[in-house]
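Below, subunit A partners subunit B and then partners subunit C, in two separate complexes.
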Partner chain A sequence: MIANFGYRPHQSILEKIDPRARWIFAFCMLFSIVLFWDLRILSVFFVITLIQFFVSKVTWQETKRAWIFILVLSSIMIFINTIITGVETVGGTIRGGTPLFSLKIPLFETFYVLTVERLWFALTQYLRIISIASLFIILPFTMDPRLYGVTFKGLGFPDKLAYTMDLAFRFIPTIARDFNVTLDAQRARGFEIDKGKMNIFQRIRRMAPLMVPVTMNSILAGEDIANAMDLRCFGLKKRSWIENLHFKTGDFVLIGFSILILVVSLYLRFGLNLGDFWMPGMS
Partner chain B sequence: MQTPHSPLPLVVENLTFRYERRELPAIKNISFSIQPGQIILLAGSSGCGKTTLMRCINGLAPTIYKGEMSGKISVFGHDVTQLSLLQLSQHVGTLLQDPERQIVASHVLNEVAFGLENLGVPRLRILQRVDKTLEYLGIDHLKYKETFKLSGGEKQKVALAGVLVMEPKLLLLDEPLASLDPASAAEALKLFKRLAEDGISILLVEHRVEDVLAIEPDLIMFMEDGEITYQGDVKGFLEIADFSKVKLPAEIVAQRAKSIQFPQRTRSFEPDTSSELLRFENVSFQYRQDLPLTLKNINFSIHKGEITAILGHNGAGKTTLVKHALGLLKPTSGTVYLDGKDTRKMTIAEAAHTIGYVFQSPTQMLFAPTVEQELTFGPQNLGFSKEEIQKNVDWAIQTVHLEGEKQTPPLALSFGQQKRVSIASVLSMKSRILMMDEPTAGQDYWNYHSFMSSILDMPGYDAILFITHDLDLAIAYANRVILMANGQIIRDGAPEEVLKDISTLEKAHVLPTSLLSLNLKLLPKTKKFLRAELLANFI
Partner chain C sequence: MKKSLWSFGTREVVFAAIGAALYGVLSYATNMLQIPGAGNVAIRPAVAIPMFFGVAFGPIVGFISGILGNIIGDLLSGYGFWPWWDLANGLMGFFPGLIYLGIKNFKDTSDILKAEGMVIVGVLVGIGVAAISELWVSGVDFATTVSMNFIPSVTTNLVNGLILVPILMVAYSAIQARSGR
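And now, the complex of A and B:
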């Protein structure tokens, strides 16, 4: 299940860039994107992230699960927030609007009105979410797991926190394997995950035979891991890192570009007051 | 080497330690010392205090594990209570039991470098020392590998490299053989011997005493209930040691067991070849198309009354094979018939009616809030009626002698009890074949035998199938051995037939044991293989 998530070299130009520069780029883009609700501006970001995605040479097959997860989750959220309720989501900008069709809601003597504005708003939300997702989804697939610690250290995080990133990537395959073993062990006892119709709570309850052993094993393993780290002096003094990173010209260019994007975005939003919700026909 | 006047690597005097929340001390009045380059074997059953003693020496107790310590430990003349973990780590290195749980980095180079990074050693200096250590251990070829993908033996060497790179002069090894198959264990022991010859002092905690004897430890200490009950040379130990608690060479057990009567088995197993429960027909399997075959043309049947050991080294394909029996994996080609039905055409839940699979570690499957509910899980999934479930659960609890623990959370039980709950939770499904993966893994020697004996005496199933890399387990308990190597069955038959040929064993990377040689020697008199204690009657 989760084991399919991992890094392999793609020989792309992206992997030659210093990961610190890539994370700075991702964060600058993220902070810029969340400033705007204007579809025209968001399209620019969307194109940039799309270019990054294709340059990375990451395949659909690799990232399929991550995408499905994000699309399903965001669709549910957008459907509820925008199509059903979200009239006032962005400060009343789409209150009223042009009705597309209306539906009489029986009991409440009121009408549900789907407006063109709501649809455009939903589209805008999708664009934001997909842009942000494609920024971050490709990172674990294109970044050598050995470099997380030193990258975050380089971005100014403390040693202990930075090393936690390395540790996480070390144990993802272990936890995935434990999960599969437990799944097999419980299936051998007649357990079936998808058995008949269940609501979400029954479904969660049904996961207990899988989640309890996996969690317990992780906790037990945690004690050993902590001991092993203590015995090798982790966190007792400032550590050195054998992985080292060097900024090259291209990296500085990317960082410069990232900062430029953020500065321009901030200026547009707060200097010129641009970037509120927009749809064709609006001035 | 040390001059006669330089302080000893380790001196322990009257050491007593009590954990903060316990009333009684975990270890009492321990005194011993290690000379440079000595190997001391510390043996004892689970819970005897071995781990606590190690924690006191390496500083985890009382720094991390709080408690009350009295007596004195000196490492190279320094009182350990006066040393910080940082200083202590320059002298003492510790290899924990499970290499999987002490490797913290995703790649070998990074793992070995970890300790030196934490000490703030400059990068280039670290890289040199890592290279030197990898070369010393003969694992330079693993340098850029992912740690997750290594074999058990390789993982342990990498974990050891991560400790040795910090250049300790005293090494604590906590049951280093527990997770290794016999061939890797023998190799690891040779390595420890070499470390000692190069001047490192070693305190080796291990209950596989017989295996360790191969490297001639300088001193043996035996611990019981937190106290050292024997301290002396190997010869003296072999004379007095309780062979039901530690594994001694078979010759010695057989000689010393002469006066002891063993209870008879309450249940006897007679193979009945007319009653077939499981059949593999030309089964081959590969995990992915671009990978080599894991199973190659497997053919065999399991009948009523058989206790079958599937024996082979780690990676021979044993687990893949038994997963097919239950339909957890389906053959790439060929067919598995369970009770006459193709496993492709049945669900795993249906297969569980015939075959119950107990996984190696109980913590991989126990989840319920009480033992009773844990046992109910299987039969409930299989759709048994309420009365039937109650009947089966009561019977299973009695069978494993846990009547008093019905309402106890399984995770609050001891490892041995958990193991029995995991067996009972499969027994409660009333499967006809009981299939077990390394049934004795993680148990000390006494539990190992009492556990196996009690399973063989249990009523309620028709056949047992277990997979193991432990040759002696197969000799002592199986009436049939299937020897596997490289995904193939290379021999199949009665243990005395399959195992008599040393060259076949070599082919399967199975190391002969003292129990095997003694059994082969006595076979004309015994007619079948027996465990060491029972051989006493034939000497």
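And now, the complex of A and C:
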């Protein structure tokens, strides 16, 4: 098993932007998107996230797995929510409505009615979920993992927390190698993950011969690392980082744009009371 | 050395990083191994790692192992970032960590039962927070999030945690004796 990240340089404009500015943009967009149920406003956000996706130069092949995962999951959720259960989230807004299809449920002597409003609501939900997904799916493919520590330090995280992130990323290759060695060693002893018919409890228990040695070895190594860091007086002074980040004009523009989006969204939602569920023909 | 529930020194920094890397790599590895026979419900035995790190090293280590480990696992698998589910994983490590000072002997049945109790609390609160966030983010109704998010996730995480955390605790008691901590 080779544990590597999805990141590879794409030489895109997005990668030239400071990662701190990109995180600010992502969270301002997230908090703005979730304020609205109006398809027209959500379409604007969708276009912005789509532009970001295309500018990133990330290919479909790279992100296929994530997209399939999110599309399947959201389709099931929206199907159950919209078609089967009652769509309670926007409550009275779409109760009743124009019937599109009805079916008599024999046992309960009642009718199931699919309305046009429910379908529009499903479409709105899709647009909202896909917009959020496009925001976050591309991050691991366009952000260098070596910069996570310094990025979060730059965003105001405490030194020790940022260093924990940095250290965690550095441990990954060692732990992946240990896992491989353990897996090979256990297989040499006749260990099989899937051995005939087993119930779920037995299957989970069978992971113990893999998880226990890897975890315990890492803990033992951790004791040595902690001692070595203590000997070097870790945490007594402010840390310096190998990589340094500096905001450029473009980064300030993106941060300004992000804040503007959030402020406008908050004003539309709470100042003008706009952004509830909308469909054509609705005032 | 006197233990403190909320300290975050060198040892905690190292073990939070190790916990996160272990959770991330083991999630990815068990994903690749594709445990069969589980239908469409993802079974991640590695979720026991943040729970155990919480019990063994405190709530802050458990929380960081969970939140950062889930981010790493998703990064390695290429699933992007899902902040509210990352938070849920953090809470699953945080709550077992609250029993950290109460664990005297990792092999002792009563101590294991205490940890199991906190694992249950952690899973219920953590997944509860993520499921409630889905109401807000995805706009699904309560029945949908309960049936789609809460029940499947709680079931699989509880089964994983309740089976694997005691195994890890017993194994750790030997390590603890060896390292003299």
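Just so we're on the same page, the second predicted complex is superposed on the first by the 200 of 283 C-alpha atoms of A that agree within 3 Å, B and C clash if a C-alpha of one lies under 4 Å from a C-alpha of the other, contacts with A are read in each partner's own complex, and residues count from 1 in each chain.
Note that in this section a residue touches a chain if its C-beta (ideal position, glycine included) is under 8 Å from a C-beta of that chain, and two chains touch if they have at least 3 such contacts.
Worth saying up front: this structure is predicted, and the values here are computed from it rather than measured.
After lining up the shared chain so the two structures overlap, which partner does A:41 touch, if you call subunit B first and subunit C second: first, second, both or neither?
neither
Identify the partner contact of A:62: answer first if only subunit B is touched, second if only subunit C is, both if each is, neither if none is.
Touch status of A:62: second partner only.
Scan A:235 for contacts with subunit B and subunit C and give back first, second, both or neither.
both
Report the partner of subunit A that touches more of its residues: subunit B or subunit C.
Greater contact footprint in residues on subunit A: C.
If we overlay the two complexes on their shared chain A, which of subunit B and subunit C does A:165 touch? Say first, second, both or neither.
In the superposition, A:165 touches subunit C alone.
For A:140, decide between first (touching subunit B), second (touching subunit C), both and neither.
second
Quick one: is A:190 in contact with subunit B, with subunit C, with both, or with neither? Answer first, second, both or neither.
first
Now for A:76: first (subunit B), second (subunit C), both, or neither, which partner does it touch?
second
Look at A:204 in the shared chain and tell me whether it touches subunit B only, subunit C only, both, or neither; answer first, second, both or neither.
A:204 sits against subunit C, while subunit B stays out of touch.
Name the contact category of A:218: first (subunit B only), second (subunit C only), both, or neither.
Once the two structures are laid over each other on A, A:218 reaches subunit C alone.
Can you pull the subunit A residues that subunit B and subunit C both touch?
Common to the two interfaces on subunit A: residues 145, 167, 169-170, 208, 211-212, 216, 220-221, 225-226, 229-230, 234-235.
Under the touch definition given earlier, write down the residues of subunit A that touch subunit C in their complex.
1, 3-6, 26, 30, 34, 37, 62-63, 65-66, 69-70, 74, 76-78, 80-81, 85-90, 124-125, 128-129, 132-133, 136-141, 145, 160-161, 163-165, 167-172, 175-176, 179, 193-194, 198, 200-201, 203-205, 207-208, 211-212, 214-216, 218-223, 225-226, 229-230, 234-235
Per the contact definition, I'd like the list of subunit C residues that touch subunit A in the complex.
Against subunit A, subunit C makes touches at 8-11, 13-18, 20-22, 24-26, 28-30, 32-33, 35-38, 43, 45-46, 48-49, 52, 56, 64, 68-69, 72, 74-83, 134-144, 147-148, 159-160, 163-164, 167-168, 171-172, 174-175, 178-179, 181.
Across the complex, what residues on subunit A touch subunit B?
145-146, 166-167, 169-170, 173-174, 178, 181-182, 184-192, 208-213, 216-217, 220-221, 224-244
In their shared complex, at which residues does subunit B touch subunit A?
Those residues of subunit B that touch subunit A are 58, 60, 63-64, 84-86, 89, 93-94, 96-98, 100-107, 109-110, 113-123, 126-127, 130, 147-148, 162-163, 166, 323, 326, 328, 347-349, 352, 356-357, 359, 363-367, 377-378, 380-382, 411, 425-426, 429.
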